[in-house]
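In what follows, a single structure is set out as structure tokens and then discussed.
Going by the order they are written in, the chains are A, B, C and D; count residues from 1 in each one.
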Amino acid sequence: MSELIRLFITGGTFDKEYNESNGQLFFKDTHLRDMLRLGRNLVEVEVRTLMMVDSLEMDDEDRQLILNQCRKCERSRIIITHGTDTMEETAALLGKNITNKTIILTGAMVPYAFGSSDGLFNMGSAMAFVQSLPHGVYIAMNGRFFNWDNVRKNKQACIFEEIKTSSP
Amino acid sequence: MSELIRLFITGGTFDKEYNESNGQLFFKDTHLRDMLRLGRNLVEVEVRTLMMVDSLEMDDEDRQLILNQCRKCERSRIIITHGTDTMEETAALLGKNITNKTIILTGAMVPYAFGSSDGLFNMGSAMAFVQSLPHGVYIAMNGRFFNWDNVRKNKQACIFEEIKTSSP
Amino acid sequence: MSELIRLFITGGTFDKEYNESNGQLFFKDTHLRDMLRLGRNLVEVEVRTLMMVDSLEMDDEDRQLILNQCRKCERSRIIITHGTDTMEETAALLGKNITNKTIILTGAMVPYAFGSSDGLFNMGSAMAFVQSLPHGVYIAMNGRFFNWDNVRKNKQACIFEEIKTSSP
Amino acid sequence: MSELIRLFITGGTFDKEYNESNGQLFFKDTHLRDMLRLGRNLVEVEVRTLMMVDSLEMDDEDRQLILNQCRKCERSRIIITHGTDTMEETAALLGKNITNKTIILTGAMVPYAFGSSDGLFNMGSAMAFVQSLPHGVYIAMNGRFFNWDNVRKNKQACIFEEIKTSSP
């Protein structure tokens, strides 16, 4: 439990900021440190920014970079902040290739800079899941967690859900 | 994982509000539902308010009531929001008496109504821990979790910490 | 002073919201009522939404509509919320045509939905200027006010400024 | 209009903070600079903290100090942040003694540190009124302004109101 957590930042809705001069959303700096400070997080973390991109613009090379970083990371517990649009793709690549670590992908439906962001809640969950779930790759969003091989983003409803629900 | 979570509210810093007419903090309504909405929580929860008190004012009877509610609750996963000052006492009473459920006590160092509250982060963590930790009674605060029999509030530093740290 | 204020809404940065499904900013409902509630505004106001547009997309017809509404409005004190990009154009049209009313155009550099918005401060100023300035058409932004015929948006610096500064 | 504004801080609800170790509200630092930054205020101001007290605890000496500071201040436009409970008393002392300056007393019903504070709106109004009202001493709260000799706090309703309303 007192094991150090590695936190990789890749961008996504989480970190979008408002650009006053053109009215567009863009990436400036990550809000991760602000969020951990606000949550008064007491778990030791190492934060490293891998990229700052919209997940719709992530390509195979980007995902390969994330995989390589997770592989060579000496920590066995990793959180990755990620855009929600292709989060399941990155999770699948990691899940097929890494089985000896607990990796949590998380993000936000609304940028942290908005008053109405779900980001802090998600970050709190990710921090808890990364400490308590067995080795595997998971997506953690809005209180729930999903195995990498049974999750999709329902773009209509803007929620993550299981692909196949277990029969009762 | 899709099991319904029971959420008991007992008050605490979490839910303190500002009283304009006398400038004091007081309890009005719980902010739990607002917090779950902001976090876009998708885990099914049943919220029940047991009391709205400062945990310094909780007496044995109050704690017995919480114990009884946890006992007779048909759910095996329970979150309790609680003031931080005597959270460890309530956790101890529950821990000694209930072993077949996962119970998470959580709270906030700063009221949710303040912009600087750690409440949403803690709530996100509690929601995750209650789904992923084995049966037992835990305190979850500021990213960490503690077993009921090895935790104290360091009132000087305003943090929760282990009583005895495991030797290396 | 107790005279009723008319408040016309035309959209602008003020009222932009985050669209979760595509990550773009868009107009849903005005935040004006929320802002007045947060400010605990006690001045009587009548709010009317004329349009909800980005001021870059306002055309002559839109501006004519605003002019007509200001003309036929029976109140002599009017606030207009407006996008900042063409605020000076609308102010000029109104200023050339209306001289018997106090009209304040205001807006925000950052949408109200963002935690970092200047909107509430600007709204407070607009409410004060509309009650205290003599008849005329003004832009009120970031604590300052400008006559309609001596103001421009400095798009580089994202501030409003006087075109010609008075010689000392 | 481009004249420099003097801003005196005396404390009040405006600046109350939450003390985590005892759960009480207290004064630490003023939030005035944060508020002006959030409002992207472009009016030149000189901020000076005179005291940091609850206005219920202000005594004659404190008020005399405020009066002296206003008198000897070389600026003719002054904003004073002040607790609401005795704001009218300080306004009366200033009003009886100073007639050649525009002085605005303002405050907040809810501390700025709370998400639900009216502080930023009031500060926006105060900044506008101080530039646009004729010489005199005024209380500016919640969009309205009152002459020092015709205002009281209605403690039941938590609003400021005129003592005598003008007959129609």
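Simple rule for what comes next: contacts are C-beta pairs under 8 Å (C-beta built on N, C-alpha and C of every residue); 3 or more make two chains touch, one makes a residue touch a chain.
Quantities reported herein were computed from a predicted structural model and do not represent experimental measurements.
S.K.: Comparing centres built from CA atoms, which chain ends up most distant from chain B?
M.R.: So the farthest one, by centre of C-alpha atoms, is C.
S.K.: Distance from the CA centroid of chain B to that of chain C, rounded to the nearest Å?
M.R.: Each chain's C-alpha centroid was found; their separation is 45 Å.
S.K.: Mind checking the centre-to-centre distance between chain C and chain D? Centres are C-alpha means, answer in whole Å.
M.R.: 25
S.K.: Quick one: which residues in chain D touch 2 or more of the other chains?
M.R.: Those would be 109, 115-116.
S.K.: For each chain, which other chains does it touch, given as pairs?
M.R.: Those chain pairs which touch are A-B, A-C, B-D, C-D.
S.K.: Within their complex, state which residues of chain A touch chain C.
M.R.: Its residues touching chain C are 13, 16, 18, 20-21, 23-25, 54, 85, 109-111, 113-116, 155-156, 158.
S.K.: Going by the contact rule set out above, which residues of chain D touch chain C in the complex?
M.R.: The contact residues of chain D facing chain C are 1, 35-36, 38-43, 109, 116-118, 120-129, 131-133, 140-145, 159-160, 165.
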